[in-house]
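Right, one structure below, let's go through it.
Per-chain residue numbering starts at 1, and chain names A, B, C and D are given in the order in which the chains are listed.
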Amino acid sequence: MARKSFRQAVNEAIRQEMARDPRVIVMGEDIAGGMGAPGEDDAWGGPLGVTKGLMPQFGRERVLDTPITESGFIGAAAGAALTGLRPVADLMFVDFMGVCFDQIFNQAAKFKYMFGGKARTPLVIRTMYGAGFRAASQHSQCLYPLFTHVPGLKVVIPSSPYEAKGLMIEAIRDDDPVIFFEHKMLYDVEDEVPDEPYTLPFGEANLTREGDDATIVAFGRMVMLANEAADQLGAQGISCTVIDPRTTSPLDIETILEEVRATGRLVVVDEASPRCNMASDIAAQVAERAFEALKAPIRRVSPPHTPVPFSPALEDLYLPDVEKIISAVRAVMAAGGRKAA
Amino acid sequence: MQLSREELLRAYRSMCTIRQFEERVHAEFATGDIPGFVHLYAGEEASAVGVCMNLTERDSIASTHRGHGHCIAKGCDVAGMMAEIYGRKSGLCAGKGGSMHIADLDRGMLGANGIVGGGAPLACGAALTAKTLKTGAVAVAFGGDGASNQGTTAEAMNLASVWRLPVVFVLEDNGYAESTASAWSIGGDPLVRAEGFGIPGVRVDGHDFFAVHAAAGEAIARARDGGGPGFLHLKLARYFGHFEGDGMTYRAPDEVAKLRAERDCLKLFRRRVGEAQLLDDAALDAIEAEVAAEIEDATRRAKAAPMPSPADLLTDVYVSY
Amino acid sequence: MARKSFRQAVNEAIRQEMARDPRVIVMGEDIAGGMGAPGEDDAWGGPLGVTKGLMPQFGRERVLDTPITESGFIGAAAGAALTGLRPVADLMFVDFMGVCFDQIFNQAAKFKYMFGGKARTPLVIRTMYGAGFRAASQHSQCLYPLFTHVPGLKVVIPSSPYEAKGLMIEAIRDDDPVIFFEHKMLYDVEDEVPDEPYTLPFGEANLTREGDDATIVAFGRMVMLANEAADQLGAQGISCTVIDPRTTSPLDIETILEEVRATGRLVVVDEASPRCNMASDIAAQVAERAFEALKAPIRRVSPPHTPVPFSPALEDLYLPDVEKIISAVRAVMAAGGRKAA
Amino acid sequence: MQLSREELLRAYRSMCTIRQFEERVHAEFATGDIPGFVHLYAGEEASAVGVCMNLTERDSIASTHRGHGHCIAKGCDVAGMMAEIYGRKSGLCAGKGGSMHIADLDRGMLGANGIVGGGAPLACGAALTAKTLKTGAVAVAFGGDGASNQGTTAEAMNLASVWRLPVVFVLEDNGYAESTASAWSIGGDPLVRAEGFGIPGVRVDGHDFFAVHAAAGEAIARARDGGGPGFLHLKLARYFGHFEGDGMTYRAPDEVAKLRAERDCLKLFRRRVGEAQLLDDAALDAIEAEVAAEIEDATRRAKAAPMPSPADLLTDVYVSY
C-alpha cells in the first residue's frame, strides 16, 4: 500500500494485467509514443503520460502506437477481442467518439446479441473526459450517457485512484466491451492504493458517506465534490449519504433505491450535459420505483444545456461545484407537502 | 497453383451452393415469407469462393450486408443460414441477427455487416490477433465499391500497412452501390489508392474463378509469410437488385441477361474445366443436383422450425451483467 | 387539402421549400439515385422513395447524390450551411450516425457557441429510425436521445403526415442545425395534409387526446399507439391526455408539467433504448418540477436494454405496443398512497 | 507569377506576424497565464501565407488545432486572437472558443478545429456553396500529416473529386503527429493517394514561401476555373512542441536548432528577396518592428481585457430556442 496518483493507479492496473495475461495488449495514438521518431525510446506514454513505461517493459508488439485513425484501430481492437486478444484501446478524448462510434456501438456492443450469443468481446476502451482543463468545447465533454444508452456496453467511471485500479483490472478481465472513463482533472489526485492486483465489481455502488437526511448520487470527479458538500452540510447538521455507483451500466439501482427509501430525498450530481443524462436516468428510475418514499422533488445538479465554454470565467460557472450541490440539498430539505393519493 | 480434382469439385460445389441458395431466397422472398432487408450475392460467387479456397478455418473474414456468399464460401452451415434468414431459433444466430448479421466465429466468419465499411477494421483486428499470437492465420476484408469510399476502409488500409498486418482487402466492384454507379462514385483508381497506402494490389476479372483464386492465393500467401497486406480489385456483377424489391430501373434493360449469358462465373468455370478436361459434365451435374437437394431441405426445415421463444429476447446481451 | 402519406408529406415540404428558396439543396446517398448509371433519369429518389421527383424538377445541381461517405457529405452540408446554403442532408438510417457523428455534434452543433455567436448553421439532417421493419440491430434504432443530449442541436420527431410537412418546412427555415427523425413504419400512413406550405413551431407540444385521469407523453410512431391506448382506455372509463411534444429539443416541458399537474399521473412512451432516453428525461423533469402534483409513480414504457432483434417473434415483443401502454396507465391508476413530507 | 513589391511586403508582414505572435504566446504560456491546450505554428509560416496570399476574403479556409497561422494569414485580427487565447470577452470568439476554435467567418476563416481531420469536409461544404451559388470562390482545407490518415480526409478528397469541387487540400507534413513520425504513420505516399482519388497533387518544400505560393496559386486558379480539386504536400517543420508543455524527447536534440538555422522560412524569404534585390533589409526590419509593436499591444490589451460575464455562459447556443 502506498499513495499513488490516479494516473499511476491506471498505469499499474494495466501493467499488472499485461504481466499476468499475454493476450492483453494496449493500443492508441502515442500510447507508447515516438513511433518512427529519433527519440523513439523516450517518448510520451500517452499525451498525459498515463501509459508511460509500458512500452519499455512489454515492447512495441504489445504496446502499439497507431496512426490517427480511431475507426481503424478501435475497430481493430474490437476485431482482435473477437478473435482472442484482450485489447485495451485508448480513445484519447471521449470527444473523439464521433469519428469511431460505429465500431463501438454497432460492432463491439452488438456482436454477442446479433450473433446469437456466440461472441465474446473482451475489449476495454479507455478514454479521457470532463471539463475544468480549459480545453474548450471539443475536449471537455462527458458523453458517458451516450454510451450508457447502448445495450451491450458496460460503462465505468472511477472516482478515485483506488477505484481506478480495481475497476481497471476488473474491466480487463471482463468479457464484455467496457468503456472506461478517466477524468482529466483526477490524474494528479492521490490516494492509498494497494500494490497487489485487486478487482472491484461492476454494478456495485460504493457509499462514500452515510447519513439520514438526504441521498446524493454522483459520478466520477463529482464524487469528490459531493463528499465535500456532504462534509460541509454535516457540519451544519444535515447528514447525507453519498453514493458513487462506479459503473453506470450495469447500474446498482438497488442500493440507490434502498438509500432513497431511507432518506426520502435525492440529489443527483452529473457533470454531463443535462438532457437525457445520468441524472435523468436515475431520477426517472427512482421516481418510478421509490416514489412512495420520496419526501421532496428529486433535484439534479448538472451543467446548463450549452457546449463547454473555453474561458476559465465561464467554465467555472458551467461546472457543478460544491456550492451548487449544497444548495440542491438545502432545496430538497426545505421542500415538502404533497397531495396524498 | 494447380488445383486438384477434389479442390475443383469443392470450388464448384461452393459456388453452386451460393447460386442456388440465393436463387431460392429470391423466390421465397417474393412470396412475402422472408422478413427484412435481403441483399443477394448471385453473380459474384467466383469472388467469395476464389478467395476463401485459399483460407483455412483458422483464418478470418469480415463480410458485408451482401454476406451470404462469403458465409457459404467460408463453410457456414447452409441450413443454419436459411433458418437465420427466416428468423428461426435454429438459425446460425438464433434468429437474432438475420440476413445482414450472419456470423460463425468457429469458422472464422466474423459476420455480415449492416454498416458499409464496417468490416475492414474488424479484419485488421483478426489479423492483429494472428500476428500477436503468431498463429500464422490471415484475415480477409470483403467490401464493395461503395464501401471503398468510406473512411473506415481507408483507415483500415493505412493501419494494415503501417502495422504490416496479414490481411487482404478484397474490393468487390459490382458496378453499383445501391443505384449509384461505381464509375461515378470512385474518384480515381482503387489500385492507385492501395498503392498510396503502401499496399500492393492487382485488378482481376471477378467472374473468373481461376483468376481470382490465383491472385488471392498470392496475396494471402504473402500476407501469411509476413509480407504485409494485399489488395484485390475485382470487377464483377450482381444479378439481383440491391436488395430484394429493387426494381433496378437504374440498370440497362438487358444488362443482367447479357451478364448471365456471357460472363456467368459458373458457366465460365464449367467451360474452363471442360476444355481442360479436368472435370466432366456428369460430375458437375451431380453436384448441382446434390446442392439442389440440400437447399430444398434447408428451406423446408427453416420454414418448419420454431421461432425464438420470448425468453430469448433478453439473453445474449452481455456475457455477465 | 388531400390525403397524403407521410412520405408524400416530407417530399412536398422539401419540394415547396426548394421552389421558394434557391439556397435549399438536398444531398445524400441515392437521394436522386442512378448517378453515372445507365438508367440515371429514372432512379430511386432515396432507398424508400421519399425524395423521388425532386431531381427531375430541380436538377442534379440541387439534388446531389453522394458517394458512401457520411462524414464527408454531412460535414460538407455543415460547411455549406455555414457559408450560405440551406442543405437538407440525408443520413439514410440514423444507425449510421456512428460514422459521421463528429461532423454533427462537434462541428455543426457547436459552431455558434465556439465562434462566439457569429455562426449560423441552417442545416437539416433527415434520418430514418425505428423498429418494426425486421431490419435487425443495425437498422432499427431510435437514437434520438443521443442527439437530444447535445447542446446546439434541435431534434424533431413528427408523428403523422400533417406534422411531418409542417415540421419539415419549419426545419428548413430554421437557422440552427435540426435533426429530423422519420420513422420507417410511418411512411405509408396517410392523413389530411394541406397543399399549401405551412409551418409548425418547434417546442410546442400537441395534445392529441384530452382527459382527466392520466397523462401520456409519446414520441413519433408511439403517438399513434398512445392514441389507440387512450381510446381503448376511454371506452373503459379511464380518460387520458396524450401529448406529442413533436420536438425533443427544444422540449415543451411547460405543457407536460401543466397536464401532469391536472391529472397527477404520467406515463411516458419512448421507443428508444431505456437508459438515458427521452422517457427518463421527461420523468426526471417532472419528478423535479411537478412532484407535488404526482399521485402515482411515473411509469416509462420502453423496450428492454437489448439490441433490436431480427426475428419478427422477438421484435414484436421488443417494441412498446398498445397493450403495454394500457397496462402502464392501469398501473398508475392503481397506485397511490405516499408518505407526507 | 511575379509578386509585386507590395505583395512581397504583405507576405513578409504576415509571416512575421505569425512568428512573433507564436513566440509571444510561447513565452506567455510559460508564465502560466494562458489556459488550456495551445499548439503553435512557428516554423510553418510559409505554408499559411504562401497559400492564403492566393485567396480573397470571399474564399474560405478550414483549419486545424494548430490554427493561429492560418488565422493570421487569412486576415484575422491579431488583438482579437490574442484576447481569445486569454479567454477574454473581447476575443474573436468572445472567449468561448479559445486557441483551438478561433474563427472569423467574415474573413472566410471557418475555424481552427479540435478534431483532427474535422476541417476537410467543411471546406468541401464551402466549396459546394461557391459552386452552387456560382460565386467564383474557392476553399482550402489545411491538415497535418496525422490528419492525412483520418478517414474524414479520404472521404472529403473523394467527395471533392466526384463533385469536382473548387477546393484545395493542403497537407502540412511537419514530420510529426504529436510524438509519432509521419514517416511511420503514413503508409505509402500522400501524392499517390491524391492521385488515387483522382486529384492532381504536387510536393513542395514548405519552408520556401515562393514555392508554396506558386504551387498553391496554380491549384487554386485551376479550382477557381472549374478544374476541380487540387492537392499540395508540403514538407515543413514546427519549432515548438506538439502543444505547449511538450518536452519533445522524441525529436533529435539538435533538430529544431538546425531547422531554425538552415531552413527557416523567414530567413529564406529574406535571402531570396535580398538576392533578387526585390526588397531591402530596411523595409523588412521596419516591418518586424511594426509587428513587434502590434503584438506587444495585442498582448497588453488581452491581459487587461475583462472576462466574459456570467450571462454569456448561456447565450449563443442557438439562433432561437
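As a working rule, a residue touches a chain if its C-beta (ideal position, glycine included) is under 8 Å from a C-beta of that chain, and two chains touch if they have at least 3 such contacts.
Just so it is clear, the structure is predicted and the values come from calculations on it, not from any experiment.
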Joint neighbours of chain C and chain A, given as chain labels: B, D
Farthest chain (mean CA position) relative to chain D: B
Interchain centroid distance [CA atoms averaged], chain C/chain D, Å: 40
Chain A-chain D separation of Cα centroids, rounded to whole Å: 36
Inter-centroid spacing, chain D versus chain B (mean Cα positions, whole Å): 45
Chain A residues counted as touching two or more neighbouring chains: 67, 69, 71-72, 95-96, 98-99, 102-103, 106, 113-114, 136-138, 151-152, 305-307, 309-310
Junction residues of chain B - those touching two or more other chains: 91, 93, 95-97, 101, 113-115, 149-152, 155, 158, 162, 184-187, 317
Graph class of chain-chain contacts, one of line, ring, star, complete, other: complete
List of chain A residues in touch with chain B within their complex: 23, 25, 61-62, 64, 66-67, 69-85, 87, 102-103, 106-107, 111-120, 151-152, 154, 174-176, 203, 250
In the complex with chain B, residue positions of chain C that touch it: 29-30, 33-40, 42-44, 47, 65, 67-69, 71-72, 95-96, 98-99, 133-139, 304-307, 309-314, 317-318
Complex interface listing, chain B residues touching chain D: 149-155, 157-158, 160-162, 184-199
In the complex, chain D residues that touch chain C: 60, 62, 91-97, 101, 103-106, 110-111, 113-115, 118, 120-126, 128-130, 132-133, 139, 151-152, 155-156, 158-159, 162-163, 315-321
Residues on chain A engaged by chain C in the complex (per definition of touch): 71, 95-106, 109-110, 113-114, 136-138, 145-146, 148-152, 248-249, 251, 264, 272-273, 275-281, 283-289, 291-300, 305-307, 309-310, 335-341
